[in-house]
Amino acid sequence: MAFHLEFAPVLDLTPELIQATWLTLKLSFSAIVLGSLIGLLATTARSLMPGKFRVFITLYVETIRNTPLLVQLYIIFFGLPVLGIRMPALYAGLLAMVINLGAYSAEIFRAGVESIHRSQVEAGMSLALTRTQVFLHIMLRPAIAKVWPSLASQFILTMLGSSVCSFISVQELSGEAYTIQSLTFRSFEIYIVASVIYLVIALVLKLLLGALGYLLFMLRARSNRVVSTSEGGQA
Amino acid sequence: MSIVTVDNVRKRFGDNEVLKGVSMQVEAGQVVALLGRSGSGKSTLLRCLNGLEVIDEGRIEVAGHAMDYETSRLRELRKDVGIVFQSYNLFPHLSVAQNIMLAPGLVKGVDKSRGRALAAKVLDRIGLLDKLDAYPDNLSGGQQQRVAIARALAMEPRVMLFDEVTSALDPELTEEVLAVIEQLARDGMTMLLVTHEMNFARRVADTIVFMHEGKIWESGEPEAMFTRPQTREFEQFASRNVK
Amino acid sequence: MIHSFNLQDLLFLVRSAGWTLVLTLVATAVGGALALVISVARLSTHTALREATRLYIVVVQGIPVLMVLFLSYYGLAHAGLDLPPIVAASLALSIYVSAYLGDIWRGAIQSVHRQQWEASASLALTRMEQYRYVILPQSVRIALPPTVGFLVQLVKNTSIVSIVSVIELTRAGQLVNNTTFEPFKVFVTVAVIYLIICYPMSRLSRYLEEKSRVYRDR
């Protein structure tokens, strides 16, 4: 079993790899910002608005969380044109990622809001604040602080999930890797390189999000983080 | 006219009737201590006075507001009634000043600079001016509770409710909180306190209300009640609790 | 032959969903067995073992499932092994499962109260015996909700192996689309089938989480 690896042909295409990595970063960053915004809006709406809104949002969250990202992508890119809605692959990919993260982050935020002790709400209401004021000023920030680790994990999963955009030929990192593979036939090598790049991005992202959490919420590092049910997937 | 009127109030928690027809009246400037064993209904009664608990029967009127649980009217009532909780319930993500300024800002439209001045004033009144920008988790329990009192006072209430505010504190820290409460009483604030601090109640309260099994069992002036208890239950309670 | 989306197509999708479940089960069984080893190794007193395991988890969790798949697929090819795509896919998914479940189970083991370790050590049990009779049984209850939650992710991630021509549900959807050209109908149907599989599991996970929370608050 001889392992003969030739990285040279792959590394010749470094400029293309850099460009593709940059696209992955842009895609991920946009999806993370927009997706978490949607999640925040959804949670706020769920907490403050009456019945019908809540049902609609729950439907959205449950549908997205129980279907694969890839299928959601196919519906947007291949299915919507049937209904007259066409868009370039890149935007379809971004839309799918945003809708996906929107649902996951909504669920994460909701857990955070529900973990706020009733006594905090009572204190706020006793000071004559309205329900909305209590939610926005007393519940929201501590809730986000509490779920920041889960949120950070979900952001990293979103970044890794950008790889499904390669399925519709977007030339982000995975897509470019596939192209390079077909050009050089150095399949194992290119995927090792791509994996290393993903790993570096993931680790840097983790550090940045940790630092951000510390700055925003004065969080201290937790070594025994409680296990949550939203872990472990990208699709 | 009484500033607090409680008329034949009943309250159930599921099958358990916790308040069984309670009536009382409090005049402006009075200090009332609510005493009783756990489960006697004293905390529930207190929490009914600012609408945190909903009564099943009877009538409550506080500071000129009739208790009807309609959202905006309840808010109006809560502007005039301040409450301090056993577990302080300070907002951990806000500084002391922000904790105090939050409600005046949102509810009464007090702007930031006036709010900060107000916060400084109430903190000075309780002796914690130097903690203006500190965060709750840097304060001791006694300091947090005093900030909680300041936070309620910043809304300039006409009635203050205290729900076992020293029960979660070590004895040394209890003193500083009781001192603040006593000062408030001397300044003429109408106050209802649920407390286990028997000596404090005896010294500071104008009226003692002893509750037992959901009813007001005995009430009157502190000295009279403690030296000549009218009921066996209060006699037993007092002897077991007075240090 | 191009035709409209019909019952045959639907049945084909449902049959392929069967393969989705097969992949899920195989990955769970193989990956789960590995995860057990990994979770314990991750907590080993042996520094080398502990760090090697930690590295493994970090790497697998730091790359997309697609990369795990390609590395396995092309890695095997490079090693001269010519295995059918479905085997490579199962291997890749097993590796994916082993890292994530290994990490989840490690967390569950760590959540078991320290006093349980002290009590069992005081009874002179060996580390293995402590694990087997005292710690692992208790960690199962803690691990159950996130494990079921992760299995939902696994089912969805089997869609990734469609790229290596394994005929699971998503690939079947592509094939049906290629003969009907009704992508909206086809892929929404595919989504609904995933929903039918995943939603009950999600509910179960939530139910288990509620139950375990009540238990722990006592």
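Letters A, B and C mark the chains as written, and numbering starts fresh at 1 in each.
The working rule: contacts are C-beta pairs under 8 Å (C-beta built on N, C-alpha and C of every residue); 3 or more make two chains touch, one makes a residue touch a chain.
Here the structure is a predicted model, which is why all the values come from computation and not from measurement.
Q: Between the chains shown, work out who touches whom and classify the graph as line, ring, star, complete or other.
A: Here the contact pattern is a line, an open path with two ends.
Q: Tell me, please, which chain's centre (mean of its C-alpha atoms) is farthest from the centre of chain C?
A: Checked the centroid distances; the maximum from chain C is B.
Q: Going by C-alpha centres, which chain is most central here?
A: A
Q: Which chain pair is joined by more contacting C-beta pairs, A-C or A-B?
A: So, comparing the two chain pairs, more contacts are at A-C.
Q: List the centre-to-centre spacing of chain B and chain C in whole Å, with centres computed as mean CA coordinates.
A: Their C-alpha centroids are separated by 54 Å.
Q: So how far apart, in whole Å, are chain A and chain B when each is placed at the average of its C-alpha atoms?
A: Measuring from centre to centre gives 47 Å for this pair.
Q: Could you work out how far the Cα centre of chain A sits from that of chain C, in whole Å?
A: Inter-chain centre distance comes to 19 Å.
Q: Where on chain A does chain B make contact in their complex?
A: 119-120, 122-130, 133, 137-138, 141-142, 145, 217
Q: Any idea which chain C residues touch chain A in the complex?
A: The contact residues of chain C facing chain A are 58-59, 61-67, 70-71, 74-75, 77-80, 100-101, 104, 107-108, 110-111, 142-143, 145-146, 148-150, 152-154, 156-157, 159-160, 162-163, 170, 173-174, 177, 182-184, 186-188, 190-191, 194-195, 198-199, 202, 205-206, 209.
Q: Which positions of chain A touch chain C when the two form their complex?
A: It is residues 1, 3, 5, 62-63, 65-72, 74-75, 78-83, 156, 160-164, 166-167, 174, 177, 187-188, 191-192, 194-195, 198-199, 202-203, 224-235 of chain A that touch chain C.
Q: For a test of understanding, state which residues of chain B touch chain A in their complex under the given definition.
A: For chain B paired with chain A, touching residues are 50, 52, 71, 75-76, 78-79, 81-83, 85, 87, 89-93, 102-103, 106-107, 151-152, 155.
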